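Please see the structure below; I have some questions.
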Amino acid sequence: MITYIVRRLFQLVIVLIGVTIITFLIMFAIPGDPARQLAGKNATPERIAAIRLQLGLNRSLPVQYVKFVGRLAHGDLGESYQLQKPVLQMIWENAPNTIQLALAAVLIELLGIPLGIYSALRQYTFWDTTLTTAALIIWGIPVFVLGLFMQWFFGLKLNLLPLIGAGDNVLWIIPANWNSFASLILPAVTLGLIEVAYISYMQRASMLEVIRSDYIRTARAKGLSERKVVTKHAFKNAVIPVMTIAGIDLGALMGGAILTETVFARPGIGLMIYQAIGARDLPVVAGGVLFATLVYVFANLFVDLGYAWVDPRIRLEG
Amino acid sequence: MAERDTSGSQVTQDLTISTVSELDLIEDKYSGRKPLGLWADTWRRLKRNHLAVVGMCIIIVFLAVGMTEEIASFTPKGYLAPYNPNAVNYALSPKGLGSPPSWSHPFGTDYLGRDVFSRVLVATRISMLVGVIAVAIALIIGLILGPISGYYGGWVDSVIMRTADVFFAFPYILFVLLIMTVLGPGLWNVFIAIGILGWATYARLNRGSVLSVKAMEYVEAARAQGASDLRIIFRHVLPNTMAPVYVAIAMGIGGAIVTEAALSFLGIGIQPPNASWGKMIADYLSYLAAGSWWMLTFPSVFLVITVFGFISFGNGLRDATDPKLKE
Amino acid sequence: MGERLLTVDGLSTHFFTYAGVVKAVNGVSFTLDRKETLGIVGESGSGKTVAALSLMRLIPDPPGKIVEGSLMLGDRDLRKLSDEEIRQVRGNDIAMIFQDPMTSLNPVLKIGNQIAEAIILHQDKGKGEAWKMAAELLDRVGIPDAEKRVNQYPFEFSGGMRQRAMIAMAISCNPDILIADEPTTALDVTIQAQIIDVIEEMQQAYESGVILITHDLGVVAEIADKVMVMYGGRTVEYGGIDEIFYNPHHPYTWGLLGSLPRLDQTEKTRLTPIKGQPPDLIALPSGCPFVGRCLYERPTCRNQWPALEIVGPEHGVNCWIPEDERREVRASLPHFQEYAK
């Protein structure tokens, strides 16, 4: 396990270096004048000159990169030219809503596991076919399309839930009141439903593979009841690969959260990025993307360590 | 499951666990039938999978529509759809809310009185074009870097694969957004952004396949006969490792179409006068609240059906070419 | 021999697939007595594993089904038992050792857990006692340091050790019948003999009847009392071990024996593989499945399945070639000339 953790952390460092290099290259090494890009289209020549000096753009690229990383390490992600606010502060203000949405979607996503298992155990039946077909259709629905129709149906037609916005939180990410919770439901279900479809499809496949495996036949040959075979022998083996997939899919979830926020005009990193794109406010877009990437990379690390601990082959051998 | 990096973290982006048909396995085991070759066997298995067949029909129909419109775009008329997709007709849009579906306009008209059906057909062209070209770009890069990485190994492999890890570390759509913010909107930039970011999937798939094939005897034999490395890779190794790549292509085109739609929805994708389904959705979304449901619904339905086609065909292909089945 | 444990009569198991009905087992009959070892021999796809799984009703349904025959365990008809009753039989009355020890043990459960659960299920023992018994069983099948090993996971065991653990699991409830499905195929040659020894030892200790499924006549020669030769889902010949080895009557049996390496091998009796492909079980001829590969086939062979012909005590064969002609042909085969002497 320790070897595994060390190796995994080492890999994390490499990925972090790579991520910063690529972000740096996109922001600073693109054709054109980075200072002008970073300052925005309405900036005065004095401001552009100031930025150029501040960022050391007259130095060589490697030096600039080291400076860039140094600024990142101090939490300096630059300043939004549009709002004249530090990007880090904007991220800090917007992060709770996004993380709240992502976590809620993950909770909903987990429903895919029992659905997939049910489908696999009832293979060739009506319900299996129905669930699998539904999963494939929903899997392919772009999240903003689903969001628009959810908003229209549950918000506008049935008038059940708030159409847009977000409420107050306590403890950073816990909805403070009913309104706050209600405004979370539609975005979370929109984002979660697509993930449920994906995860249930994978879980079904994984369960089918396990249920036909040799060791399940061994378990049956012992005379265990079908229930015991599934709960004791199949469940863990079938869920481990799906958890891996779910961990990697967190990236898609982060991307989906951004689009969902845009549809539901819900304050968060996504809406922040969307508004910054409209104004071509590059520091905010890059800062937002970097933040989402870091959340994803670290969430992935925890998922990996989690399943390494569950799976004795990794836990004991490293 | 798609190949899992044993170092434990990042994996190919389109992760799917294949569901080999039990019946295919039994048939493989007990029929003395000789394999008919990879494609004949794949086709025999694929056509039993109803969802995959439906997916394939969808793909064929939409590719045909896209191609017809592509060809028509070079004619003086410029389109094959029943109406000019850009012809504004305020008479057909009383109160600026378009008019609902009718016999002459089956999908209704939009807020400028343009025929939605014609617009959806012409948008098929752009959506399919983005899917195909973006994947082609990603595929070409991946087909070059992946085999090189797997074949040469060592530090070349490390550099390429660690770079791929980094590309996987970004949430995909956000990475595309970032690039598009820098490049600015436009059809070609969409091709480039989606294409450039997709290479890692194909590179990794090809690398894995090359690794598994590299040690096989016929490669040794080719080397013993003095074939060059490049010739060995592209002539002897790649053709034998393409099945998972075809699956990734199918899934990738579906993914690229969704990504383009998302970009256009966010306002940094396709620019007028071009229209894709995503662009139409972005244009029409505010009319849903006003009750003009047809504007938003039809492009959405086309988009969803197409993506469903690619996903279910891709999954079916993956199941039919699972290495557990004999080739 | 001892009491009759098992009587199988006319067993047919088919799989219903898109391409057609796979007739994996077709009218197979055999018996098994206490302390007796029956070897079922045939190549891959001949239906021997399906026949064994049918005994435990472990055929996946759909697509598989036992379509005909009676399976009598003592006086109980296995086909008529309820699901609950057949579970009582599995592991308790009939236990099975599978081919590939690398995949037949659950990777995420400790070895002790996997052995103990059968004991807890069938013998009404508590958890602590069952684990203690598991350790004793591991010791019994020759795993050193069993107290410690019982707490390990399958990946910490070598292939041979895993197969020993499988045997421990199978004998944990003292079954009347032990089915070993190619128990040595996946193992190193050096380990194979050890595993066979363990199986034999356990048979002696527990007085079980053993069904040994294999394509390896060498293994059969070592421990079987009688042999059933299967081809294309059918029994083509059965008989006592000496009868099969020294007085074989079916061309397929000749072919199998001809491909068996022997210590007294000479230039003349070189290994002769059986030419041709195994049959397509979806499109079996209505007659003998061996047609097409049989060197002595005649027109009737393709269309009609030959009746069982008793050629000796407890020795039967299904073949259209007349008996005297069979003896003549056999005598001309290089491999059997030495027997003739």
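All chains are identified by letter, namely A, B and C, in their written order; residue positions are counted from 1 within each chain.
As a convention for this text, contacts are C-beta pairs under 8 Å (C-beta built on N, C-alpha and C of every residue); 3 or more make two chains touch, one makes a residue touch a chain.
Here the structure is a predicted model, which means the values were calculated and not measured.
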item: Chain at maximum distance from chain B, centres defined as averaged CA atoms; value: C
item: Contact-richer chain pair (by C-beta pairs counted) among A-B and A-C; value: A-B
item: Approximate Å spacing (C-alpha centroids) for the pair chain B, chain C; value: 49
item: Distance from the mean Cα position of chain B to that of chain A, given in whole angstrom; value: 22
item: Separation of mean Cα positions, chain C and chain A [Å, integer]; value: 53
item: Of all residues in chain C, the ones touching two or more other chains; value: 60
item: Per-residue multi-chain contacts in chain B, two or more chains; value: 22
item: Residue list for chain A, restricted to those that touch at least two other chains; value: 212
item: Residues of chain B touching chain C in the complex; value: 22-23, 26-27, 29-34, 48
item: Chain B partner contacts - residues on chain A that touch it in the complex; value: 4, 7-8, 11, 14-15, 18-19, 21-23, 26-27, 30, 37, 132-133, 136-137, 139-145, 148-149, 152, 156, 201-202, 204-206, 208-209, 212, 241-242, 244-245, 248-249, 251-252, 254-256, 258-259, 262, 273-274, 276-278, 280, 282, 285-286, 288-289, 292-293, 296-297, 300-301, 304, 308, 314
item: Residues on chain B engaged by chain A in the complex (per definition of touch); value: 1, 4, 7-11, 13, 15-20, 22, 51, 162-163, 165-175, 177-182, 254, 258, 261-262, 265-268, 278, 281, 285, 288-289, 296, 300, 303-304, 307-308, 310-312, 315
item: Touching residues (chain side chain C, partner chain A) in the complex; value: 56, 58, 60, 62, 87-92, 95-96, 98, 100, 103-109, 114, 117-118, 121-122, 153, 155-156, 166, 169
item: Contact footprint of chain B on chain C as seen in their complex; value: 15, 17-19, 22, 24, 44-45, 60, 63-64, 277-283
